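Next up is a structure, given as structure tokens.
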Amino acid sequence: MNLTLLLAQLLNGLQYGVLLFLLAAGLTLVFGIMSFVNLAHGSLYMVGAYAAALAYGAGGSFTLAMLTAMAAALAVGLILETTVVSRLYRRDHLDHVLATFGLVMFFNEAVRIVWGPQPLFVQVPESLVGTVDLLGFGYPLYRFAIIVAGLVVAIGSYLLIHKTRVGMLIRAGAQNPQMVAALGIPIGLLNALLFGVGAMLAGVAGAMAGPVLSVQSGMGDAVLITTLVVIVIGGIGSVTGAFYAALIVGVVDTMGRVYLPLLLRQVADRSVADAAGPALASMSVYLLMALVLALRPQGLFPAHRT
Amino acid sequence: MTDLLRPSRALLPLLFLLLACVPFAAAAAQQPFWTSFFARILIYAIAASALNLALGYGGLVSFGHALFLGVGAYAVALPAFHGIGSGWVHLLFCLAGGAAVALVIGAISLRTSGMAFIMITLAFAQMGYFLLVSLKFYGGDDGLPVAAPSRFGALDLGSAPVLYGVAWAVLLVLTWWMSRLRAAPFGMALRAARQNARRVDAMGLQSRRLQLAAFTLSGTACALAGALLANLNAFVSPSSMSWSVSGELIVMVVLGGIGTVAGPVMGALVFLGLEEGLKGVTEHWMALFGPLIVLMAMFGRRGIVGWIEALEQSRWPARAGAGRGRR
Amino acid sequence: MASLQTTDLVKHFGGLTVTDRVCLDIRPGELHAVIGPNGAGKTTLINQLSGELRSSGGAVRFDGQDVTGWAVHRRARAGLLRSYQITSVFEEFTVLENAALAARAARGHAWRFWRPLLADPTARAAAEEALRATGLEAHAGTPAGELAYGQRRQLELAMALAAQPRFLLLDEPMAGMSVQESAEVTRLLQGLKRRYTILLVEHDMDAVFALADRISVLVYGRLMFTGSPEEIREHPEVRAVYLGEELD
Amino acid sequence: MMFRALWKAACGAALAAPLIAAQAANIGLVAPLSGPQAIVGQDQVDGFMLAVEQLGGKLGGQSTNVFKEDDQLRPEVGQQAVRKLIDKDKVDAIVGLSFSNVLMGSLPRIAESGVVAIATNAGPSPIAGAQCKPSVFSMAWQNDGAAEAMGKFVQDKGVKRVYLMAPNYQAGKDMLAGFKRFYKGEVVDEVYTQVNQLDYSAEIAQLQAARPDAVFVFYPGGMGINFVKQMSQSGLTGKLPLYSVFTVDGTTLPSLRDAAVGTLSGGMYDAALDTPENRRFVAAFEAKYKRTPSLYAATGYDAANLLDIALRKAGGDAKKLAAAVKASAAELKSVRGPFRFGKNNMPVQDYYAFETMRDGGKVATRVVGTPLKAHVDAYAAQCPLN
């Protein structure tokens, strides 16, 4: 029995990691390539979740909801890029933190004004309801869907970045934007496109998370902190780094939450384990990041190998 | 235009004079609320000035300074919980605790730079938050009432006017020291290290050791603000260490004018004043406050003080301002 | 005035050997020039001497003391100071503040939290003296960011002088300067010759031959030849390297 | 010095409170109106304002000014709001006071000022026990009440092995302690998860492996939605009975719907309670706000009606208001059924068990039992008040 539980937990870790990757991919592109500190990335995730929830609620199919979410996130991303973000590229990281801190406040409140504080209802699509029997252990089918979708996006973004002309332009723009502009490529348009793609990826993550997590104003903030941890561990600007780091954080967080309290129970008596276990578990991700940063400040998979 | 009357020079003395009147005005109008309202602004101004030492002078973008607010607050609440009401003990715990935590976190965090530094300071603050939330004995997430306010002989910080006076004095001393420190060897070397750490090392100083000292001083001063906050609210809770408080401190420093002396004080005053004002206007005040911050980030080149200096420079061009560094 | 010797100094970057068993011997008070084509390893050599690069092998002796393992700031405080090829002055500080900080950093320490830097008489005097020596005293109050390129090179030099060095490593002080500005700096270095021991890395041959007591030629990281300016001018291999015939 | 004197006169006037007619009743309303638990605060405000509207904008016959304050679920912001209400707006009573951490934060200033405080969202054990105050009341519940009721309900049903789960903070520990006070069977495991945790798949897998007979949880607000959704997707809800408090209620049911079908929750109120007062209240609330009232709306509504009676009794004399509030409880026809104040000013009321089930197309709740009748909390004995 213990083995299947371990397998299920690994799957859970993998699924949580993939969801984190969907968020981290967009964020690390914007951070690494445009060196723009975007705290409002969580809000784009929220926009995607709301768009999907509303479209799905209005009777559309789940794929339609997904497309609506991508379109909405892309649109909001482009609007943000042209009005606010593009004016801040040459500015200091601090001005980015200040501007996006204000944006987060605005998005959370705007969503609350329009749709109220009530969390939205999102159903699991019929085709994905139910569980898969895994050596006698029921594993939710929808979670598999998230893993598959995440891997598809991972491969897709890897191909986009490495194997297409647009990807080459994006990478060139990262190393030397002036040169790319000098070659006649409208760097402004490229940056807008890149920010839009990052936003779309966050929108997809939001749409995927809808049926599993609570869709409500401010849902982006909690997941933003974990996503920042992922991209820093992976190495800022490295999509591959973000992929591996997301899986590591997903598994470490899941295993930490489950096995740390059990481990402590063997070592310390019950009451201490109950108090220390959950605290240590919730700190495990941050301990991991502090460790990585202290030993390898540039991250585990630095950007030059995107 | 003699130097003293220049707006940017006269700003601080005028500000402190006005702030000195608040408790008397509040008493005259039987409105004690304003004393504690402005006391909170003074305390956050102290915390913002402390952050400005690391962030403005040293260029160390710490996204976890709320941790030191928490350390200072619990340095008052824990002894008080065990029946120790003497202010000197609270002060000792606060300064020693703040310095120790800042030294350890600084030593580890300064191994990184740029985005990684921002994230590792955030990580330590989150760790502190989760640790306190799980400390059931000390009230955990529900917080802990301060059983005995800090008493320094006859001076009891439990009463709002007394606390206001102490906070005002602490802010005055800290701001004055900041203006002196800015031109003192330590301040100059620290500001030099922000511009080019390699050059500072090549000149014979150790930039990392300077930055660590600045981070420790900054953390300790911020803990002091935390201790005053605990006395003001007579209550401490882990939520005063959440990452959004760290974010608000950064916004106050940048809003007021990063790297300037008057910046943090102005930033705290405008940020908290605007927040309270907008709250009066509408329940959805964040929908107005957010865009305002975005506009300030986009157009306010170097915060309110920077804007005043630029205005003054265009109106009364001063001779080459000696020692007036921009950021 | 200090002396500096290196024995079999080596520096590898991965498989590439940039400094190849260099043996230098610079006597107190001497102005020793190091010349060589681009990519000969001149700046790497200076970085090894100043401590910014850790040598892969060999030793550096400063005033008889083995300083190979010393960190940058320790060598600077011992009086071994350098100027940079790419100007790195503190743009937000005024010219006087830059120089005063350099003086303070080499001699005193920065752990003063109250009295202003410029109120420190020794540091201020050394700074003003250095500004006079480099002709910058008129710009004492101007922020360094507002100086012209040539003036910044002068400030770079002034900061080195303000620290009252016992040994000066000058990394292409004339880089990017007009003929007239180079002549000015040459006159300036002429004045410093007997007061400090100087290692000068420079491309401007007129300045090198006007100033150098002895010249060493560095090619592909190896010290080919050291001698008086006249010997270097006639030396066949040096001419070959400079006039383009490839070595065997 | 002349400048200082001039200044004092000038700003003295500016800072003075707007002079309101003396005999009007000023009521402060503190609730979390932003942040993850905003719906909880909004329900209390809507419930309270509905009652004020029904009473023609007058409480106790006096025209009423209601000062709404958002505490953002942060104790420090709540403290400042309470100071503003007491010192600046000079309110007669403060209602709401948000979750336990904000309530405890505001307590020192409230106790010191003697202003009547009626909490409609929490009843932490300290103020139910030794630190009980004559002027501080809870219209909602003593925190452990609902969990004690579910403990008894599960005990009466003869469930042998129960698995307990809650977030790792004070209220979480209080809830599980309250459950164990009445449940004497075997506790398979007691798992505390991170506050505001997103993904519970790991804990649910662990729960599934432990094979208990039932699971009892406390996950308020967003945490509850995440947990119950993920539980139903794991296919466990059908096989494993889920008992909960403050997790499946009026604020979360609209976004859980069928994910909550089959779960049982304990509490002092639900819109499904079949009393004449409640039917009128639910109809009026749904007409005005287009959503079903939750237990938070009910406590807000009751608090306003209680104040109406108490203010009339106290006749505008602030000192007598506290005693009036205590006495008025007996006259109040509460929407939750029988209600009075215990000696520690905590509610003595019935706790019900509700089942969520499918009713035609919609999902609804129905009362399936009253485990605790006129329940006095476990801390009343420690309170010196009479």
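For reference, chains read A, B, C and D in written order, and residue numbers begin at 1 within each chain.
Throughout what follows, a residue touches a chain if its C-beta (ideal position, glycine included) is under 8 Å from a C-beta of that chain, and two chains touch if they have at least 3 such contacts.
Remember, it's a predicted structure, so these values are computed and weren't measured experimentally.
Counted as hops between touching chains, the shortest connection from chain B to chain C is 1. Distance from chain A peaks, on a Cα-centroid basis, for C.
Of all chains present, the one whose mean CA position sits nearest the global mean of protein CA atoms is B. Two chain pairs, A-B and B-D, are weighed by contacting C-beta pairs, with A-B ahead. If you average the Cα atoms of chain C and of chain D, the two centres end up 74 Å apart. With centres set at the average Cα position, the gap from chain A to chain B is 32 Å. One inter-chain figure worth recording: chain A and chain C are separated by 50 Å, centre to centre, where each centre is the mean of the chain's CA atoms. Rounded to a whole number, the gap between the C-alpha centres of chain B and chain D is 36 angstrom.
Taken residue by residue, chain A touches two or more other chains at 108-109, 112, 278-279, 282, whereas all remaining positions touch fewer. Shared interface positions of chain B, defined as residues touching 2 or more other chains, are 130, 133-134, 136, 286. Annotation for chain D: residues touching 2 or more other chains are 33-34, 168, 194-195.
Chain pairs recorded as touching, per the definition above, are A-B, A-D, B-C, B-D.
Residues of chain D that touch chain A in their complex: 33-36, 38-39, 41-42, 168, 190-199, 201-203, 205-206, 208-209, 222-223, 225-226, 229-230, 233-236, 251-252, 254-258, 291.
Residues of chain A that touch chain B in their complex: 31, 37, 39, 84, 87-88, 93-99, 101-110, 112-113, 221, 225, 228-229, 232, 236, 275-276, 278-279, 282-283, 286-287, 289-290, 293-294, 297-299. Chain B contributes residues 55, 61, 63, 108-109, 111-116, 118-120, 122-124, 126-127, 130-131, 133-136, 243-244, 247, 250-251, 254-255, 258, 284, 286-287, 289-294, 296-298 to its touches with chain A in the complex. Across the complex, chain B is touched by residues 4, 7-9, 11-13, 15-17, 33-34, 68, 70, 73-76, 79-80, 83-84, 86-88, 100-101, 104-105, 107-109, 124, 168-171, 173, 194-195 of chain D. For chain C in complex with chain B, the residues that touch the partner chain are 50, 52, 71-73, 76-77, 81-82, 84, 88-94, 96-97, 101-102, 104-106, 108-118, 120, 141-143, 159, 163.
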